[in-house]
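You will see two complexes here that share chain A, one where it goes with chain B and one where it goes with chain C.
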Partner chain A sequence: MASSRKITLRSSDGESFEVEEAVAVESQTIKHMIEDDCADNAIPLPNVTSKILAKVIEYCKKHVDASKAEDRVNDEDLKAWDAAFIKVDQVDQATLFDLILAANYLNIKSLLDLTCQTVADMIKGNLFPVRNEWLNFTFSIANRELVLVCLTEWVAHRRLFCS
Partner chain B sequence: MSKVLCFAGGDDFYSGGSIYPSPKEASLFLSLGNHVDVYFPPRKRSRISAPFVFSEDLFEQKRQDTIEALPDECLFEIFRRLPGGQERSACACVSKRWLMLLSNICPNELSCDKSQNNLAPTNVGEEVISEDDGFLSRSLEGKKATDIRLAAIAVGTADRGGLGKLSIRGSKLSRVTNLGLGAIAHGCPSLRSLSLWHLPFVGDEGLLEVANGCHQLEKLDLCQCPKITDKFLVAVAKNCPNLIDISIESCSGIGNEGLVALGQFCQNLKSISIKNCPSVGDQGIVGLISRAGGALTKVKLQALNVTDVSIAVIGHYAAAVTDLSLTSLHNVTERGFWVMGNGHGLQRLRSLIVAACRGATDLGLESLGKGCPNLKQLYISSSAFLSDGGLVSLIKSARSLESLQLEECHRITLSGLFGLVIDCGDKLKSLALTNCWGFKEFDFSAPQLSSCKSLHSLSVRNCPGFVDACLVALGKICPHLQQVELSGLAGITDDGLLQLLECCEAGLVKVNLSGCINLTDQVVSAMAKLHSRTLEALILDGCTKIGDLGLLAIAENCQLLSDLDVSKCAISDSGLTALASSSQLNLQVLSVSGCSLVSDNCLPALKKVGHTLLGLNLQHCTAISSRSVDLLLEELWRCDILA
Partner chain C sequence: MLRFRTLLASPYRKRKKQPKTGRKTRATRSDAVPRKQCHRTDELRQPHQLETVEQEEEEEEAEAEDGELGFHLKSSARSNAHGVQPLGNLFLSPNATNSRNTGLGALQNLTDELLLEILGLLSATQLGILATVSKSFYIFCNHEPLWRNLVLEALGGDFSFNRSWKSTYVAGCHPSFDVGSVGDLGLEIRDFYSDYVFQSWLCANLEMKPEWLERDNIVRKRGISVEEFVRSFEEPNKPVLLEGCMDGWLALEKWNRDYLVKTCSGVRFSVGPVEMRLEDYFCYSDQTREERPLYLFDPKFGEKVPVLGLDYEVPVYFREDLFSVLGNERPDYRWIIIGPSGSGSSFHIDPNSTSAWNAVITGSKKWVLFPPDVVPPGVHPSPDGAEVACPVSINEWFMNFYGATKSWKKKPVECICKAGEVIFVPSGWWHMVINLEESIAITQNYVSSRNLLNVLDFLKKPNASTLVSGTRDRVNLHDKFKKAVEAKFPGKIDQLMLEAEDKAALQKKPSFWDSVTDSKAGAFTFSF
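The block that comes next holds the complex of A and B.
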């Protein structure tokens, strides 16, 4: 394609990022804003910090490049890149959540899929240290009843299948 | 678990060590209390520009960094990618917010990769259920009926076989709302039977989701749910093709439209029961029966504003009906019954109940008798018009009738009763009269040559005016009686009963004489001797003049007796001892409740008798101590003891 338009995105802390339109419209939210002609100057994104915005742009760029490369990038290679991209953040839960929030706000389905699936797998694999946290501060009298109720299901299940 | 501890790169995380080894040690959830100490060290990696404000309260900051800070839609996206039911159940235990989010996930929104699950090793002692057959069943009552519980059931039963049957019995304080039912709708697509009673806050919103989500619904039972309207019934009719059984009671929001929809779409409907719905009228019943009547086998209508039209339609269209019950239909007249009978559509009808219908006149009932050639059981209650003549013509027209029960038919007199018994042909096996007050003087001098050989069971309850002479006359006409029930009849004395006992050639099997206060030991002894080889059950509840002599006679003679009830009789320890000393008696059920003369001294006798007993009733035996009862409970472990 011919040189596409450049779109400026401004993060919540004032930093500006210039990206190609093809990359920017990976986000449905930004896409609608462009279509509605709100993109004359920079598009403000008050809910996304520059750190996160940088990562989101990195992700979108990679995916746009992957889909329009002459020799189509192998799907597996892309998946491996995704895994590496997100693995960096496994260590820092906060960034992972920020990415989820950003993907949700910016409406980037593939990024949302990736991040949410990661968290889901971490819950499954007990890699989620947050568990202990929420178990403690949300564990109140009300939840005791709740846990009992969920326990009843569990106990019934165990009785049924564990002799 | 060590992975949990080193996520931040350092091991100095929790001072308390691992709080729980695995989420499956559910018992440890409960052992956690507010005393558990959680220590959060400051993060080693500094944050660049945190969107969240650093606050004094480290705990608060941690909370904001965690998963709790995500909005509902993001949590929802995470939850719906959780790969298994165990994980979902564990997350459901965290907080009400998480539980409600999880319960809102529809099965088709779950995007876990099933093939991956099968490769993962299953834990020891657990089975992976691949199909949701819906063989689990849950029942919530009263205080326990809450939305939270329903959400927990929805999440918990999802991959453990699926919920098949759900029954909720609410109360005035019931806290079940549309939210809870929505959770069930999302989580239990295998639901087959739903029963909702007394839920004032549940309305169409939640139930429409059930109709849309639970396509396997077969049985629906609604009682006193005023907010449910026709919209729900229409949705169920359209979405649940397997619907077999519908029962609606006291739902003021349900009217004709819903029933018409049921008739239109539910061709498999077998049983309907509609009671006390003021908005239901002819249009609904006609619409239902004329379209779906072909497969219906059970129809029950009670306290509805229907007229002759509906009854006529039943008579013409409900060709497969076997059980029909019409109660308190005040706008149905004799004409309706006549048309129903003459429709000749009720060829398969076997059992008919007509209660408190003013259309149950002589003419109406006779046409029914004619129109239902296979009618075997007939129960007529509260008919102010049924007369002796009508009864006789009824019995002549209903040639297949095996069992007739009349209750509160006060126009029937003894003449009608005897006419009935004489003219009943050879099919009538069982006759029961309850609360019929029309029996007065009768001239028994008429020669009675005919006999009713088929009558096996006679039951007369609380019919004042039924005296010895009646009993004797009946006994002479019906020599093959095997079951006799005479309860609450003060007019029966030893003489009458004695003559009856002598007439019964076939040998009595079950005798119930409750409340016949004028009977004495003499007649019991006679009975024991005459029917020693056949008597299996003897109920003498409330026969206050019967005492130990009767028991002695029973003990000496009765070989097959297994059920003996001598509650409130004048028996004492010696009678029980006699009973115990019998070598041939193997009682299974014994009741001596209310016998104040039975004391602790009969304990050995009770123990001996108790070896074969399955049920023993010692309630209100004031002279038996609780210690004796405890001893009995210990020794007679097979026996169900009421004390």
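The block that comes next holds the complex of A and C.
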């Protein structure tokens, strides 16, 4: 039976969160603090607000539960849960970026990967169509990829300095 | 290997003592960008000349270094930094906007590293388009390491390097396009401040400072007997530079680019994560100007091109090679190493607790070695040794941490190893190597009677599956090896253990592993 030792995390705005050790050590940063014996009192996390910390804990709890034998959740369900978890934050971009910073600071690789991929997808989704009202020619679809990559120098020059 | 970026320390103009920051850098990824200022005086700015003031900053340091030290750029440095300046300059500029931030919009609160990680998830086309969005994105999306990854993913080792990774990508993936007509316009962007991007460019273009190369305190020996070598160096585990033991190597006369390219025609050698033909690698190494150039490091060159194996022989001191009892199942043990000036290996301990020798055939290498119980400044091994966090590039280590070694009591062993010289690297020693010019070398790791017991202990450790390297059969290597040694040299292990006990009883010396405190010899992994 896994140890059910509780760890207290304190956010930057002074709120305390009590979590099981197994959930807390999803964060490598916290894991090392515990190993270095800094966890007797609350662990202060000056870089993470309570709003974000709550979300991080929610994520970690789900992932820890998902891997426990009794509540075994299969990969697809977990991915679906992740997608729903992150979708809320796409609406609120600031939260999403704060989550990235928190996942980085707390060193939670899976959350960092999830959030970074989400932002990458958002960027990808916004790139087309290229606004080319000031480019005076069209290009064929076959060459589109190529031309877009190579034209960027010329486009960059025009766009950044000649408008 | 975890890599973190340490930044140039806070500046000062005249000889002023700066207060110690007293800050410990924890080398986790999240900590990668501590904010420090770096200073560049505009009046001194000339093309290809950068005057930057350096100050020691790390935990061990006692006082600020006096005087102004300049950094000199390599004469071929391209202005690919697009005029990027370090963050400290922002505070000295007349207007206080950083186009880095204004150009990133909502993304500006992310660190440079996180942003680059996100950009690393995009395709080439997407990166190209994103570069037109703003000056900030232009600089980030032209960050060469991003394009290097794209090339290696898309083309593996089959690329013909063409001035920059970005144009290499276009040339390789869209061959019908005339890359010559597109180039790096090298747009100069005047109000972009970023420590990460600036330092990346600086480290790539830095010349090694003469004082980093001055210290040469290794013991040099020529023509000593094997017994003397064992007694004075192998037994006490001390490094030594051996001269004259490559006399008679055909490689010394024959090996040059043309010979190797001809002899190895079509053969692919391990270069980081990919495999490349020699001519392609040389085409790359001639042009590259990077922080961490790709390094040719092949563990199977003898099998791939047997003729090469005939051009050299193991120096007489290292002939006892106990892993050979395993035959074909032995871990990787010999490598050919080729790399341009600036390439090299950052601090590590060799795998499986073996000892090593490294022979330079052409070129020259700067070595910095620390004994097993002394962790080099700026290097942070995990408690079990499986992971090592260290500065992103060798130049960065020299800029930020080399100075710390001057005031340490236990100074590192340093030397420049030139063509025709062989360096002995005792087991467990931390070492770092940088090529001062294009170099070709051969290195072998080996187990002799002196470190047999240590190696067996190492292979027996509970986390052998992560630490043991160079073989696919990590878990069973210990048993296999022990059995094979017993078979070929019955009684040897027992005899060695008796001798060790006798010695220990005499000296009450702690065992090798007990004496290693925070630098337990760890796994050897190159990460690229």
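The rule we apply is simple: the second predicted complex is superposed on the first by the 122 of 163 C-alpha atoms of A that agree within 3 Å, B and C clash if a C-alpha of one lies under 4 Å from a C-alpha of the other, contacts with A are read in each partner's own complex, and residues count from 1 in each chain.
Rule of thumb we're sticking to: a residue touches a chain if its C-beta (ideal position, glycine included) is under 8 Å from a C-beta of that chain, and two chains touch if they have at least 3 such contacts.
For clarity, every value in this text was computed on a predicted model and none was experimentally measured.
Of the two partner chains, chain B is the only one that A:S50 touches; chain C does not reach it. By the touch criterion defined above, A:A94 reaches both chain B and chain C. When the two complexes are overlaid on their common chain A, residue A:N107 makes contact with chain C while staying clear of chain B.
Using the contact criterion defined above for the overlaid structures, shared-chain residue A:V119 touches chain B and also reaches chain C. Of the two partners, chain B and chain C, it is B that touches more residues of chain A. Judged by the touch definition given at the top, the superposed model places A:N74 against neither chain B nor chain C.
Contact with neither chain B nor chain C is seen for A:S16 once the two complexes are overlaid on the shared chain.
Within chain A, the residues touched by chain B in the first complex and by chain C in the second are 93-94, 97-98, 100-101, 104, 116-117, 119-120, 123-124, 127-128, 130, 145-146, 148-157, 160-161.
Those residues of chain C that touch chain A in the complex are listed here as 28-30, 106-107, 109-111, 114, 117-119, 121-122, 124-126, 128-132, 134-135, 138, 170, 174, 176-177, 179, 182-185, 187.
On the side of chain A, the complex with chain B involves touching residues 12-13, 49-51, 91-94, 97-98, 100-101, 104, 112-113, 116-117, 119-121, 123-139, 142-157, 160-163. Only residues 28-29, 32, 93-94, 97-98, 100-101, 104-107, 116-117, 119-120, 123-124, 127-128, 130, 145-146, 148-157, 159-161 of chain A touch chain C when the two sit together in their complex. Within the complex formed with chain A, the residues of chain B that make contact are 1, 3-5, 7-9, 13-14, 19, 22-23, 26, 29-30, 32, 34, 36, 38, 40, 45, 47-51, 59, 62-63, 65-71, 73-74, 77-79, 81-84, 87, 89-96, 99, 112, 125-127, 136, 148-149, 152-153, 155-157, 160-161.
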